[in-house]
Every structure is written in structure tokens, then in C-alpha cells.
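Order of writing sets the labels: A, B, C and D. Residues in every chain begin at 1.
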Amino acid sequence: MVDLFALIFLVASLFMLAGRSIINTIILLTVQALALCLIAFYLGLSSQETNWHMVIVGGLTLVVKVIILPWVFYKLVYKVNLHREVSLSVGLVSSILIGLLLIGLAYGYIVPVLLKDIPVGGHLISAALAGVLLGCFFMISRRSALSQLIGVVAMENGLFLCGVAVTGGMPLIIELGIFFDILVGALVMALMTYQINDTFETIDTKFLNKLKG
Amino acid sequence: MYYSGRFFFFYKQYYGEGSVMFASIQGNIIFIMIAIYLIGAVMPFLFKVNSKMSFITGCIPGSIAGVLGLVLGLAGLFSTDPFGVSFGHILPGVELIIQIDRLSGFFLSTICLVTFLIGLYSWEYMKIYRQENIAWWSFYYNIFVLSMVLVVTVNNAIAFLIFWEVMTLTSYFLVTFEYRSQNVRKAGFVYFVMTHLGTVFIIGAFFIMFNGFGGWGYDVLARNSISLTASEKSWVFLLALIGFGTKAGVVPLNVWLPLAHPAAPSNVSAVMSGVMIKTAIYGMIRLMIDIVGPGPTWWGGLVLTLGIISAVIGVIYALMEQDLKRLLAFSSVENIGIILMGIGTSLVFYSWAMPVPAAIALAAGLFHLFNHAIFKSLLFLATGAIYYATHTRNMEELGGLMKKMPQTALLFLIGAISISAMPLFNGFASEYQIYQSLVTISSLRVSGLWSIAGILAAVALALTGTLVAACFVKAFGISFLALPRTPKAAAAREVPLRMRFSMAPLAALCLGLGIFPQVAMNSLLGVVDQLIPGSRVPELTTYNFDLALLLLATILVLLALSRLLGTPRVRKTATWGCGIETDAAMEYSAASFSQPFRRVYRGLLQPQRKVETKGNLSPYFGYQIYFEEQVKSVLKEFLYRPLRSLTISMSKKWQCLQSGNINLYLGYVFITLVVLLVWVR
Amino acid sequence: MLYLLLALPMISGLLCCFTKARNAELINILGSLLTGITAIYCCLTPFMTGTAQKLNSHKIYKLLILDELSAILVFIIGVVGTTCCLYGVTYLRQERSHGAIAEKRVGLFFGLLHFFVATMYLAVLADNLGVMWVAIEGTTIVSALLVAFYGNKSALEAAWKYLIICTVGIAFAMLGIILTFYAARGVLGSDEISLSWQQLYLVADQLDPSLMKLAFIFILVGYGTKAGLFPLHTWLPDAHSQAPSPVSALLSGVLLNCAIYAIIRFHLLTTLAVGEGFSNQLLIIFGLLSMVAALPFILVQKDIKRLLAYSSVEHVGIIILGVGLGGALGYTGAILHLINHALGKSVLFLSAGTLAQRYKSKLIPKIHGIGQWLPVTSAIFMASLLAIGGLPPFGLFFSELTIASQGFQVKGTLVGFVFLMVIAVVFSGLIYFGGKMYFSDPGACPPKKERFSASHVLLLLPLGLLLLQGIYMPHAIQQLINQVVKFMLLGGMPSV
Amino acid sequence: MSGKLLIILGQFSFLLLLAPLINGIIKKSKALLQCRKGPSLLQPYFDISKFLRRESVVSVHTSWLTQLTPIICLASYLVAGSMIPLWQHENLGIGDMIALTYLFAMARFFLALAALEPASAFGGMGSSREMMISSLVEPVMVVGLFSLAAVAGTTDINGIMGAGQNPAGLLTFIGLLIVVLAETGRIPVDNPDTHLELTMVHEGMLLEYAGRQVGLLHLAAMIKQVVLLMLLIHLFWPQNPNAPVYWAVVLMIAKVGCLALVLATIESVLAKMRLFKLPELMAGGMAFCLLAVLSTYLI
């Protein structure tokens, strides 16, 4: 069951690389977050004793990552009036190929080779690592500030999955801190995207290239 | 080892003490001396900008401390055991001990003797810089001299390096004192950068000997160096040679010297040229001979070769100069070369395990060092006096000063004669000893090659000697003799008594040491005895006194005879100018004086001649002829300039990494991560 | 006491945010002075009371802890942070008079500044890896706002790059923390205690080496981004050059050190878990790489603040290299350099900021004749430039030498030599530009000369400390440094 | 002490008395070789005594330096000459080869300075050229002398007596002969008889001197010539140390005379070289000396 959600998560991450439409990307991000929150709920509720820790975390994910952030992004898309990623720094086809390569790296190298002595439950950890890497690569391949923002959140999703997968969740206080951080961070970034749009009249970071050397 | 034995006495007394402790009366004097320098550095700030008091408080403490330092130095030079004072651990693992052994004593007394007189000189001389801020000058100057004093007296590598760099730093600010001129700024920059890069090599040399614990004391390093392999020792040697060679101005590394020395005020250049570059020689001797000990013969060979190259190239460029101070600066390169010839010869002997000739050669090098300190500062000060009187250092604008400022002229002449190694004066005495050492290399017949090398080195020294003579005939003849070439020179007046007075002792020393060189040589052999084990040398005797006596007697008798025989009538007229009234334009100029040399040594100098005739008639009757002949510095042209432009262009290429593209930046992070992940296996 | 240390800047920050400019200034001065005093007091406690703040037994966990290493950082934040906050007053007045910053935003500026300081205190005081991560991410967010404070194009650009790159980096660091937690869970259980530095050090040898290796890589990339290691440094010159000068000084003097602090901690842990030869290799490589790679940027730089920023990259490299080389000398050098660089670079940024302000340009060719126009500021500027260049009598010379000597010991002559050579060449770049600005003509009509004022005293204080560090370090301080080094040599274990 | 003094006085008077004669011999033999009758052998004595008595004209631009220079020149050549033992082979302790070389240099230094003083272009040209030539000549001289000194193991002049009496010595001799030609201002290098301004070197420096001063300088030049010849004789054709004094003196006069004839012959046979061809000549001299060194040490 968990593996299925993980697969959904991974596929969503990969598909994010495949499209230009920002709305679609936001939807995929939401799907990702939903998968995460389902994993958390599943882990929390499936055992005999309810793991409240997991449930709380799952709930937080639902609120912050499934509801608030996508909504903010959605608003932002309309504010800055940019529905499609126009310019990519890496082409779509090659970015999918690289994405597959990264998944291969996570599944075929990091976990089996580097962590071969560690008992790893399922492919959760591989999926999580792949998620982080894909999120990072998503940021590399997109130019608009908004997409980069989305990429950050995608990376955080990967991290979250990793935390859940590996350890059954970080200590709660830490988890809370992280959530708070992400929320504030994303909001600040969103604010800044807004400002960039105001000042530069575009959110294409191609034009953010005055500082060099 | 003899080394630890020598320091035992000392360490029993001081080691492990945390706080300041005064050993004895000498310790007190050391402390007072340092305090006086610091007072001299700070005091002028307390007075109104450039009031009379700020000149006095800036210059005089340096002189007073100089006297104290001289006393200390002489005490160190003639005492059997080193003495000193500890200031405790100033930094983690670094105990500051000022320790004066004979080598330190020698250098200390040289530095202090010269700076004592220069302090007096500056008191008057700095008045031409009235519009500048004298307080800053005094600050840098006193700290500069203090750091030189400390450089030669500390016995710890880290402390040495700290004061070494402070010395560089303060002298940088002294060089850039007249910062309004672009050339001065450039000179300061080149000086600072080159010597700073040189310091890296020195640090390297020290650190190869460091073993991670036990501290940075010279004695510890000496003990560590015993266990070094031969190649490591050679690295120490090479690094030290490059590092100290930069400061000393050894030829491929001398670029800064002819820039910086002229840029500084004359009294500062006198200190820099007279004593500062000597601290590099101190470092070389300390490191190569005292700490590392004997090495392979090629060490000596290399030093000797560098010495020869520096001497010859230095003097050839000196001969080409029109600027008196640049000329003197190049001549410093040459003299450092001669000193290095002495040291190199000594290293050769040392490697052959012949302590006595090694000692004599080293003592000869040191003797020349002392002599150079004396006459070079004399010459720089005299040049300063010219500048004071005429506000120019360009020989082509001088002339006829012999009549205007006869005493300065005499002092300059004595300096010039001494530096040209004429018998009776000290330059000859030390060069003589170096000749002797070179002939000894040859006559020992250790190998045929070395025998020939010894003779060739002597030939190089002879060549240098003649070129120096030519160079100073030009320097003195063009600037002091004949007719003044400009109104500036014609309006010159004799400089104030204080300045002449501070130069006179130097001139007297030139003559005194020329007549009694054995005094200096024998005490220097005492210094060397401390460095090279088993080199007790019987008293050296020289013929210089007899020669001087005979020569002077002959001159006097001849003079008397020519008087006694009745003076024929002497008629004074103007010089015959082929029917035209002679004027300054007809004189031989500095450029024309050196023209035959430019031609003969054109392979090295690459003179670029440019002649333009502006006239409507045939080329022989142009009414206006523009003539320019520049010599190229081969080093600058083919080494430093390409190096510089290469660095800059490569840097510009490298800058493209930071292109401003955020995707690229993220890519860097990503790639780094992936590479590390792959690397981790 | 430690909570007070956090609370003071938070409170003054909040107060500043909601008051008018004049009051904000006052609160800022008071708050920063109080914070500074508290910080100095706090940082002395582990040395004074010995083991009072330390936990030797298992299973005791506190949120905040102050051991020898963090005390050094607290000291740095205390001195530099206070200096920058106080100098900010002068700076902002000047900016306001130019009209670069609106009156009502002054409060916000000081507020953010204090929040920034508070997050940094939290980062170095936190005993918990997670809290530390949160705090460091917090510094990114707050300082990004500060970087973007001018709100113009280039400031926004810099802030955006800073925010994005550092967030990405920090995310990787989180991955490393999760892996560490994973490794520690088997030993310490899945409570917060498994993320406590103190506890982790105690059980480090039981942690799984391969996990720790992987974790260290993520941590290195993550916090390395924040610390400005090449090639992760890309945000650094932009952010440093665009931020208001007090912020640049804080970024360079303190923030980088916080990230370095995290790396050092993790390095100690990894060394205990994996053994020598892994993390220190990486640190040496990155250290050298940062130094060498920053060099060309410095040689052909046109913007004075970027110049200083690249010099920061180089110095971070030096510190990291010192840590990587390890040993008593390496650690001593690294710690001393950490302190010295923080002091020197912050003064340098502050004085450079004043220069840039007066000349209304950050371009070096436009800043000329500072020696005549601004004699006091320029003297301070030159002194700190020389200090940063590694010239005695300032402390950096000694700390660099110490690291170099360890380099010669451990890695052979070549590494030590390259290290020294890079420093020397960087120095030549600095002095080239410094000389150009200092020894040149101020232009047509120099306005009236600057007078000595209180803000200069503020700058002279750290400079005086640097001088002490370089020429005469009091015995007591040497002892403290020794204690820290012993702490590090024991691998972060509290010395009993 | 007084014995030494006597010897030195003896050497001085020998040099002072002999030098004009040798010049006379050279002039006479040159004249004969050119099929002229030539002046009398004693003509140089008359010339000098005349010069010494004549009124001297001094440029107003000059100072004490000009006055002192002839004396210094004469004194240094005399002292240099007194180092070369004529009949007495006890070490006088007033110098060695290095001192001898440098005494010559000292005379040249002052002469060159004095030449610059009257502000005339000719003096400057002479002085500049003289210094340039010396920079070419002196290395050759040193290599020649030092190679002999290194073989003998000392730079003491008494110690290296006859050091050149071996096959390698012949090469050294040729090299040193070229040096002597240059140092004495003889023909391939300089022309002692010319007064054509643009070609003169040594004479150019004396151009502004007159009367007693120029007499002294001429005398000094003659003494220098004899000293150099004596040096050659000492090295390659040494005196018998046990011979009585008068015999030694006579023999020395004869030997110097012989060499003077050789000089005269060379001068008559060769033409003057261009100034800037001189490096080649000196390179030749250097080559001879170096060959001698090589053959001593490597073969």
C-alpha cells in the first residue's frame, strides 16, 4: 500500500518534468503532497496502536502542502499571468531522460551500493531520494521563478517522504519547525516572486542575470 | 650537536617563563630601545600637524634608540654567549625571545649605526615634505626600523616572519609616501607584492623544517633539520634562496628594487638599500648556514652564479640610468650580487668541509655587506642632499654642483670611490677578500671545473668592478662636475650643516675601514666562528695600512715637490669650445656617457633607438633632432609582463563561471552532489 | 541565560518592527548592546565554570547548550553582531539622507536585523540537529529579506538567487540529518535525543559508517552551500554585494561561520563514526578548491563588495582546510581564523560600505582618493584590508601560518605551499585595489574632511582585537583557545 | 722598515728614470720601422722637463679635482710599480696583484673624472670611451693574472714569479700582451700620437690639461707602460733572485727594452681598429687566456 503511494509520488515527480503548463505542475505537486499525506495517515492508522505522531504530521501535510501552498501558487499564477513555462533551460525530452537517470541513480546506486549494509524497508527511501533529486532537477530545468518555487516545495516533499520512510517520522517538534519554516519560506518566496514580477515585469529568471563576475 | 650546546645556557635561564623577564642590564636596554622606537612612532601624533616638535619627536627617538641598539649590537658582536630577554608566549606556541648572538649583534649594529645617522639626517631632510603628514611618516619609519631590529634579533621563526612582514608593510607605506605620483604607487605595489610573494617561499622554507611540535625556535628547527633528507634540505635551501633573494633583489627577482628605491624619500631609500635588503642576507645566512648547515656543493654554486648574474646585470643597468636614485638602486642589486658571491663561495667551501676558507669567504661577504650599508646609505643621503638643494634627481638636469655644494660633493665622491672599490677605501678591502676566496676555490684544485669556475667568477667580479667605476664616474662626473645644466642646478646651495654632519661619519668609516680592514675582518671572523663549527681562524693581517701609508706619502711628497719646485704661472680661462662660447649644452651628458656601453652590451640591453629629424633640408642639417634611446629590461619584457597578462586573461576566462544564470548555479550544486555521491565509494 | 540570549534580540526585533524610526534606533542600540553583553557573558561560562554546562551522562537532553565550540561562535556573533547593529544606525542615517531608504522602513530594517541575529544565536546554541537546521533555514529567510531590502532590481535578483540556492542546499542538508537520525535511531531511540549533538558524540562509534558517509556528503553540500564553498558559493557575491553594508558584514562575518560551525560539528561526528580519512579529505579538497577558485575573481574584480565577498569564499576555504587538516595546529588555526576573519571582514565590509555610500558607487575605479577625502574611514579600511590580506601585525597572519604549518606536516610541502601562495596572490589583488583607492587623487574638489567620530571607535574595537590576536594574545585567551582545540581533538566530546 | 723604504725609493727612482727612456725607445724604433729618422731616444725627457716648467692654462670650470688628478695618477702608478720586484725578492707587504690592478683602476677613475670637469665634449668622450675599454680589458687582465695566481696558489706578486713559464703560459702571455697594448693606449686600440679629436681616447682626457699637469700625466702614462712591461717580465721571464743589484737593474732595462721593441713592431704592423671592433679584439685576448686556463685544469 505504502509502496503504491510512493509510486504515485514518484510518477508525479517525473511528470512534473514533462509538462510546460504551470497549472498542471501545481496539480501534480498537490498529488505528490496528497500521496505523502496518505502515506502518513496509513502509517499512523494501520498499526494496532494509533500513531498520533504520524496522524498529526499527515494532517499538517494536508493543510499546508495540499491546501495552502497550491492555493497560494494558483493565485500567483493568475497574479503574474503566466500559465505556461515558456523557456526551459533543459529541453523536455532530455529532462525526462535525465529524470529517469536520476531515478536510476537513486534506485540502482545510492540505496543498493552506498547503503548496502542497511536494512531498507521497501523502496520508500529510494523513492524519497529520487524525489529530492527530481525536485532539484526540476528547478534546474525551469526558468520562471514560480517553477523554482514549486521545485523547492517538491524537494521538501521528497525530504518529508525520506523522513517518513527512513525513520518513521522525525521528532515532532522538529517536524513542526520544518513545516513552519517551509511555510514561511514558501510564502517569502512567493512574495518575492510577486516583487520580481512587479520590478522586472517578468518572472523569467533569465533576466536576473545582471550580477556576474 | 654543537647547536644545542650553545643554546643550553640561554634556555636554562629563560625557557618556560611566562611573563616578561629582564635578563640583565642588556635586557633592560633592549626594552628601553623598543620603547623609544614606539615613542617615536606615536609622539608626533600628539603635536600639531607638522610643527617643529613633530619633526624632532619623529626623528630623534630613532637616533637615540639607534645608539642603544648600536651598543647592544656591539656587545653581542663581541660577547661569547648570546644574551637576550623573553617577552613570554605572545601567541599560542610562540615565545618571543629577543636574543642577540654574534650574527644578530653584527646585523643589529649595522642597522642601528646607519639608522642613527639617518635619523639625524631626516630631522632636516623631511622638511621638504612639509606639506605631507609627518606624523604618519614617523609612525611608519620608526616601526619600520624597529621591525628590522627585531627581525635580526628574534630567535623564533614565527616571530621572525611577523616582523619580516611588518617590515615589508611599513616600508610599503614609506615607499608610497609621495603617493600623488602614479609611478610611486606602482612602485609601491610591485614592491609589496613581490616581497610578499617572496615571503611565501620563506615561510615554506621554515615550515619544511617544522615537525609539528616543539615550537618554532631556531634551535628547534636546527635540531629538526638534522633529520631531514637531503632533498628536503635542498628544498629548504631553494625556497629560502628565492624568498630572501626577492627581498635582497637578486637578479631575476629584482624588478621591484629599481622601482621602489627611487620612489621613496631619499632617507628611506638609504635605509632600505643600506640595511633593509641586508636583512634578507641575514635570513639567508641564518637559515642556510646556521640552521640547516652544510649541504651539497651545488648550493654554493647556485648562490655564486646568482651573485655573479646579479652583480653584472645590476651594474650594467645602473650604468644606463639617468636618475641618480635608480642608478643607486641598480647598484644595490650589484652589491648584493657581490655579497652573495662571498656567501656562495663560503657555501662551496663548507660543503667541501673546509671550515677555515668557508669562514673567510663568509666574513668577506659580511664585510662587504657592512661596507655596502655604509657607502650606499652615504650615497643615498648625498643624493637626498642634491634633491634637497635642486629638487631633481635627474642627472641630465644637474651639473656643476661641485662648486655650489663642495662638501656634499666631497662626501658623494668618497662614497663613489668606496663603491668603485678603489684602494684606501672600504669597498676595495672587502672585494679584495672575495677575490682571495675565489682564487682559493680555484687553487684548491678540488675539481677542474671548480677551478675554472673560481677564475671565471673572479673575472665577473673584475668586470663588475670596472663597470661600477664607469657608473660612478658618470654619476659623480655628470651631476657634480662641469657646468650646471639647468637653472635648478645653478641655484643650488649647500645643504644645512645637520645633513652634512650626519653623512660625515659614514664617509669617515669608509676611509677608516679601508685602511684598517683587519679590525672588521677579525671581528667578523668571530661572528662566523659561531656559525661554522671548527672555523677558528688565526688573526688575519692585511697590507692595507702600509699601502695607504705609502700611497698617501707618495701623493703628499709629489704634491710637496710640485709646490717646492716653484709653481709656474697658472692662467684661468674658459674651456676652449672650438671658437664658440662653451655652455652646458656642449657638455657630455649622462646618456652620451653610457652610449659606448649600450653599444658594446647591446645583446643584453637591447637599446631601442629612435631618431627623428625635423628639417626641410637634408638629414644632416635638420634644425631640430629628436633622439631617444631606451634600453629594454629583458626580464620585464619576457617574463613579468607576459606572466601578468596571462594571469589576467585567464582570470577573465574563469570569471565566466559566475555568469548570473540561476539555473546554472543550481546545476553546480546538483553536479557537486552527484559527483560526491559517485566519489564516495 | 541562553534563553535570554535568544529572547533579547527577538524582543528588540519585534519592538523595532512596530515603532517609528527614531525609537527603533534607540531600541536597536539598547537591544544590541544588551545582547552583546549577554553573549559575551554567556560565552565565557563554559570556560569559567568548566563542566557546568556540559552533560556527561546519557539521556539528558536540553534544547540549548553551550559548549566550547559554540561559545566561540557566540562570541563572534556577540561582537560582530553588536558592531553591525550599532553601525547600522550611522549607515541608515546616511541612506535616509540620500533618500535610498524610506523613513518608515527603518524600524523594519532593525527588526529584521535583530531577528537575523536571533536565528544565528539559535543555530549555534541548538543542541538538536533539527533545530539547528530550522534556525539556519530561518537565517536564510530573514537575511534574504534583508538582502532584498533596497527593493531595486539587483537587490531582488541577489535575494532571489540567495534564497533559492540556499534553500536547495539546505534541503540536501536535511537529507543528511535524516540519514543521521536514521543511523542514531538504532542506538538512541527515535526521540529528539537522537538528534542531540552531545549524545551523538557519545555514541558516535556505534553509528553506521556508510550511512554517516552519505549523510556527511549531503551535509557538506547543504551547509557548504550556505558557507559558500566553491562551487556552491554562487549566491555569495551577489548577496554580499547587494545587501546593505551592515547586513553584508553580518552575512560574511557571522552567517558563513554558522554554516562552517555546522560543518565542523558534523565533521567531528563523522570522523568519530567513520574514522579519519573520509571527511577530512573532503574538507581539504573543498577548502583548497574554494581558495584557488576564488583567486581569479579577486584579481579582476571591479565591484568592491564583490571583491570582499570572494575574499570571504577564500577565507571560508582556509577555515575549512584548517579543519580538514585537523590536529592541534589545524584546529587552532581554524578556530583563530574563524574569529579573525569574522572580526576583520565585518570591519572591512562596514568601512567599504561607508566608502561606497560616500562615493555613491561600488565600482572600484570610481572610488578614488579615499585617503584624502575620508582619512579616518579609509585608514580603517586599509588596515582591515591588510588584515584580511593576511598581513601581520593582525591575527590572520598567525592563524594562516598555523594552518599552513599543519598543511606542511600532514599533506606535504605542495599543499602547504599552494595554500600560502594563493593567500599571497589574493593579497596582491587586494592591495592592488586598495592602493588604487587609497593612493589616488580624490578628484576635482574634495569636500570637507571627515572627522573622527563614535562610529569609528566602533570599527576600531574589532580591529584592536585583531591586533591583539596577531601580536600579543593574552595568556588567558590562549588558554581558552587551547581548551576549544582540546574539545575538538577529543572529537566534540566534553572534556572531563 | 728603513730597508723597505729604501727599496721602495729605489723602485720609484728606477721607474721615474727609466720610463721616458722606454717611451723613447718605442718612438725611435717605430720611426725606424717607418723609415723615418725619428726623435732622439732622450726626447721624452726633454719633453717632460719642458712641460713641467711651462705655464699651465686651467679651465675656470675646474676645481681641486683637476689639480689633484695628475698627482694621484702618478702616485698610484709608482706604488703599483714598486710592488714588482726589481732586484729584491722580499715581500714588501704593500699589496698584491689585486691591489696592483685596482691601483690602475684608481688612476683611471680620477683621470676620467677630471676629464669630465672642464665641460668640454672631448673630455667626456675620452672618459666614456676609456671606461668602456677598461671594462673590456680588465676581465682579460684578471683572467690572465688569476690563472697564474691560482696555479701558484697565491696572489702575492713575489709568489707568482715566473708562474707563466710553461706551455699554457704562452697563451696567457699573448692574452696579456693584448691587455698591455690596450692599457697603454697603443695602436690597435688607441693611437698615442693622434690629436684627431674623434679618434682619441687617452689623449682626449688630457686635452684640457696644460703645462706641468700634462707633463705629470705624460710621465704617469709612461710609468704605467713600464710597470706593465715589468709585470710581464716578472711573470714570464723572471729575474734571477740571486743576482746582484746592478746586474738585475741592467737586465731589467734590457728586458723591458726588448718588450718595447716588440710593442713598437706590433704598433707599426697593425692599423688602428674601430672603437666598436674592440670587443672582438678583447674576446680574442680572453680566448687565449681561457684556453690557458682550460689547458691547465682540464688537460
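The rule is short, and it goes like this: a contact is a pair of C-beta atoms (placed from the backbone, for glycine too) under 8 Å apart; a residue touches a chain by one contact, two chains touch by 3 or more.
Bear in mind the structure is a predicted one, so any value in this text is a computation, not a measurement.
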**Asked** Nearest chain to the global Cα centroid?
**Response** B
**Message:** When I count C-beta pairs in contact, which pair ends up with more: B-C or B-D?
**Reply:** B-D
**Message:** Need the CA-centroid distance for the pair chain B / chain C, whole Å please.
**Reply:** 43
**Prompt:** Which integer distance in Å separates the CA centroid of chain A from that of chain D?
**Reply:** 99
**Message:** I'd like to verify one number: the distance from the centre of chain C to the centre of chain D, where each centre is the average of its C-alpha atoms, in whole angstrom.
**Reply:** 77
**Request:** Quick one: report the Å distance separating chain B from chain D, using the average Cα coordinate of each chain.
**Result:** 36
**Complete:** Listed in rising order, chain C residues that touch 2 or more other chains are 160-161, 164, 168, 172, 213-214, 237, 297, 300
**Message:** Give me the residue numbers in chain A that touch at least two other chains, ranges are fine.
**Reply:** 110, 114, 136, 139, 148, 205, 208-211, 213
**Message:** Taking the top-of-page definition of touch, could you list the pairs of chains it picks out?
**Reply:** A-B, A-C, B-C, B-D
**Prompt:** How about chain B: which of its residues touch chain D in the complex?
**Reply:** 400, 402-403, 406, 417, 420-423, 428, 432, 435-436, 438-439, 442-443, 445, 448-449, 451-452, 454-456, 458-463, 465-467, 469-470, 472-474, 476-478, 481-483, 543, 546-547, 550-551, 554-555, 558-559, 562, 565, 568-577, 582, 584, 586-588, 592-597, 599-600
**Message:** Per the contact definition, I'd like the list of chain C residues that touch chain A in the complex.
**Reply:** 128, 130-131, 133-134, 137-138, 140-141, 144-145, 148, 151-154, 156-161, 163-164, 167-168, 171-172, 174-175, 178-179, 181-182, 185, 190-192, 194-195, 208, 210-211, 213-214, 237-238, 241-242, 297, 300-303, 306
**Asked** For the complex, which residues does chain A have touching chain B?
**Response** 89, 105, 109-110, 113-114, 133, 136-137, 139-143, 148, 205-206, 208-213
**Asked** chain A touches which residues of chain B in the complex?
**Response** 655, 658-664, 666-667, 669-670, 674, 677-678, 680-681
**Complex contacts: residues of chain A adjacent to chain C** = 110, 114-118, 129, 132, 135-136, 139, 145, 148, 152, 155-156, 159, 162-163, 166-168, 170-171, 173-174, 177-178, 180-181, 184-185, 188-189, 192, 195-196, 199-200, 205, 208-211, 213
